[in-house]
Amino acid sequence: MSGRSVPLEIGTAVGAADEHHVRVRGLDLVDDLLGELTYTEVALLAVTGRRPTPAQAKVVDAVLVSLLDHGLTPSALAARLTFWVAPEAIQGAVAAGLLGAGSVLLGSMEGCGRLLTDIAGDVAAGAAAGDAVDARLRAIVDAGERIPGLGHSLHRDGDPRAGKLLAVARAQKVAARHVEHLELVVERAAALTGKALPLNATGAAAALLLEAGVPWRLHRGFALMSRTAGLVAHIGEELESPVTPAVRAALRAASRIEPEV
Amino acid sequence: MSGRSVPLEIGTAVGAADEHHVRVRGLDLVDDLLGELTYTEVALLAVTGRRPTPAQAKVVDAVLVSLLDHGLTPSALAARLTFWVAPEAIQGAVAAGLLGAGSVLLGSMEGCGRLLTDIAGDVAAGAAAGDAVDARLRAIVDAGERIPGLGHSLHRDGDPRAGKLLAVARAQKVAARHVEHLELVVERAAALTGKALPLNATGAAAALLLEAGVPWRLHRGFALMSRTAGLVAHIGEELESPVTPAVRAALRAASRIEPEV
Amino acid sequence: MSGRSVPLEIGTAVGAADEHHVRVRGLDLVDDLLGELTYTEVALLAVTGRRPTPAQAKVVDAVLVSLLDHGLTPSALAARLTFWVAPEAIQGAVAAGLLGAGSVLLGSMEGCGRLLTDIAGDVAAGAAAGDAVDARLRAIVDAGERIPGLGHSLHRDGDPRAGKLLAVARAQKVAARHVEHLELVVERAAALTGKALPLNATGAAAALLLEAGVPWRLHRGFALMSRTAGLVAHIGEELESPVTPAVRAALRAASRIEPEV
Amino acid sequence: MSGRSVPLEIGTAVGAADEHHVRVRGLDLVDDLLGELTYTEVALLAVTGRRPTPAQAKVVDAVLVSLLDHGLTPSALAARLTFWVAPEAIQGAVAAGLLGAGSVLLGSMEGCGRLLTDIAGDVAAGAAAGDAVDARLRAIVDAGERIPGLGHSLHRDGDPRAGKLLAVARAQKVAARHVEHLELVVERAAALTGKALPLNATGAAAALLLEAGVPWRLHRGFALMSRTAGLVAHIGEELESPVTPAVRAALRAASRIEPEV
């Protein structure tokens, strides 16, 4: 069998493993990280390529805690239903749950991260913050879209997680321009729409992730880390005292027909 | 439209959300957890229903760090390839990567957790630890199966993560019967098979998770939490300096035909 | 940048594409297949490497039709819930639904396919069919496991799809040893367990797939092809007249707490 | 335990199962469909709610055949890599592959289906077809986006599947306004961009699906049905003569470091 020469081009700066070492971002996993840093710190290191400060880690821990669970969400239900019929593969049930972290739930984090990044870019290019916020919000409203990071279908008077997240950022002294711009967004959105649209958890989380150096394109990734823990907890309960049979009974009771649910 | 009465049966002890509160295991997410506990601590709380001790959290942080990344694994490649063709849904790329946390990679954790749980059950029922280990190992070998938690295709002389994980458990004083049984497993497996089969990271991780109160059926779930962070880092690199084009070029160079890869 | 020589080893017999051709199992997709064969015929060609006879295609069409939908199954619900929160990626919703085609639902097909393959192997090795069936069933019952392919939680008096599937196989004259063994399985299972356990659709489907040359390890794959169509139909309805809001309302009504579902 | 009354609101027109019947779109699966219709016909029935004509079924069979496989695509590789490490759950490997049917590959079908739907809407509202096409194309080009359905990175001189798909539609006499608009799109795109952008398979497939009554929002769903069969074939080959070890070796050979792939 003949062969062809291939250029040596494949390489990742994220991590590597050889016979005696595992490295993450050039640091030795065993000597430098294991037992020294928390999950959140190494996650930030892996994603940003930089060792986080203790304050950054605290703030991102708050983000990861804030989104870890929200009861029987569509995502948790999808994971539970999947585990019920495919118990051989817990990774399949978790994956089914995570596939629900999209543009409507959790993913709105991404939209707010993008908005704040755009505003920061406008300001860096010389715009006054208030003007940048107004122009960006007007464009969103004119396009008939919802302002990301504001409002919540359940927490109508205000998402209790949002204010606490900002308080953590201030206490850790990592609240800077992105938190400031977010506060302007809340203020101007009310003026622009004539409705009080309180900040929600994903909006605050986006600002904190930006302050910790995480680009907006990866914000949804932190929601996935967070929610994975919650989904594992739901699946664990499904093993002990499953909710799925009652869910199926309730759906049968509410059905015009007798579905096989 | 008429209605039917349904019994009030659906309830989860994991978490709940109402208009003003989000609760995890009965604690108020905002007042009790956010800003107070780390991701790892709240993950343990959600999964086990108990607030972990600082030592338990340290040990589980070590587990989550140990499995966070291992370079361009099949799982990381699947996530990168998926993101390349479906960039609109980062949750899909992460899910594709997690679906590779199965019985061959990462999932072997589950097998070792089950073995250690069985051994602990034998001992609780009156067996001597050495006898219990011998009997369980012999059954595995007789069935032609691999002993879970031992050996690694890359780290042939020993997985550098394994010893460090056990050291962290000892330093935190949470190494008890499960770590002791695991050491017996390593020792007796060598005698039984005539081969030195060094402990691997998933074996050590299983012992530590059991010591921290996580049942074996959920061990793979902690591998999923851990690897989610690594996958997000790989996807982040794919955004900045993608590896996928070089992967496709290398595969084309190595192909007998010109595949569309 | 230097290079290394790689052996030319990567090749797949399934399919290939170059600038001017797409081939499946060596046939030209455009000249030989497109417009000539049905989806089912090309699926069989791709999977088995052989062009199916018209009778084999008819029988596999019956299998694919039989499992295409079963109302609001856990799988269909998971797909609908996922689409509700992540409408940007229909592939994610379908994937979430397919992840529920596991060992409890649909996947039992795989178990029955394996049993029939084992029985055929015993018979090929010289055993009488009745003896082979008895021995295999006894081993399953002794292990405390359910006999795959028999019984259905909803269709308690008999799965209406099963008999029709066998009738199609007979009409197409592809019912041979596997259908015969399956009938023995039904007969002896009743004698062995003392309960009438009627054949279900996945059991009949497994026998037909074996008669059409599909190995048991890929039977679940045909369930996935079939159900993908059903899931797309459910997602399509979700776009027009969604069921998800009523599902969430029913679950709220049945909940001891007010979950965010 | 008390109860609450829930309105009888949950119902799906897609399908239903009770003890003695399974129904799809109101037809009896056993009496009306099984053994009578092909997979493709029942898929169309389930999705559109209407029994397809033989010509529509022929055309959609051509679509499903055309996209069934394209060699070692990123999607096929992701499925193979996933199966390699998680062989216990074939549904997970197929799901991982399908998650790659996104906006870059296969999903561009959706974009072309939307464009043709928009053009048909413009024409129905009184516009001349040529003007509608020109305006829609100009808007796409002005936005800096690629025209969906045109061009292919591998089939640079023309996708061999595209012309054949249109020929099948004409032979079956289902080529009507959408095929006509598509031909205008090809013609005007060349004039507008100054480049010959040949029609690709997903563009032609979109026109045929519209002619068969499938709304554009579900076009990607037909790509998923189609590709599921190809993915099962790839996984089947992985069981017999796996490609994954050679893939990993080629990547190691091409790597600057020794990754664990």
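Letters A, B, C and D mark the chains as written, and numbering starts fresh at 1 in each.
We adopt the following convention: a residue touches a chain if its C-beta (ideal position, glycine included) is under 8 Å from a C-beta of that chain, and two chains touch if they have at least 3 such contacts.
Just so we're clear, the structure is a prediction, and the values are computed from it rather than from any experiment.
S.K.: Please give the intersection of the contact partners of chain A with those of chain C.
M.R.: The shared contacts of chain A and chain C, listed by label, come to B, D.
S.K.: Among all other chains, pick the one whose mean CA position is farthest from the mean CA position of chain A.
M.R.: C
S.K.: Are the interface residues of chain C and chain D largely the same numbers on each copy, more than half shared, or largely different?
M.R.: same
S.K.: Nearest whole angstrom, what separates the Cα centre of chain A from the Cα centre of chain D?
M.R.: Between these chains, centre-to-centre, one finds 30 Å.
S.K.: Taking the mean of the CA coordinates per chain, how far is chain C from chain D in Å?
M.R.: The answer is 21 Å.
S.K.: Centroid from C-alpha atoms only, then distance chain B to chain D, rounded to Å. What do you get?
M.R.: 36
S.K.: By residue number and range, which residues of chain A touch two or more other chains?
M.R.: Residues 4-12, 16-18, 70-72, 86, 88-89, 91-92, 95-96, 99-102, 107, 154, 246-247, 249-251, 253-255, 257, 259-260.
S.K.: Drawing the touching chains as a network, do you get a line, a ring, a star, a complete graph or other?
M.R.: complete
S.K.: Provide the residue numbers of chain C that touch chain B in the complex, in ascending order.
M.R.: Counting only chain C, the residues touching chain B are 6-12, 16-18, 86, 88-89, 91-92, 95, 250-251, 253-260.
S.K.: So in the complex, the part of chain A that touches chain B is made up of which residues?
M.R.: Against chain B, chain A makes touches at 4-7, 9-22, 24, 29-30, 33-35, 37-40, 42-43, 46-47, 58, 61-62, 64-66, 68-72, 76, 89-92, 94-96, 98-102, 107, 154-157, 160-161, 164-165, 167-168, 171, 215, 217-218, 220-222, 224-226, 228-237, 239, 241, 243, 246-247, 249-250, 253-254.
S.K.: Quick check: in the complex, which residue numbers of chain D touch chain B?
M.R.: The touching residues are 1-9, 70-75, 77-78, 81-82, 84-89, 92-93, 95-96, 99-107, 154, 244, 246-251, 253-255, 257, 259-261.
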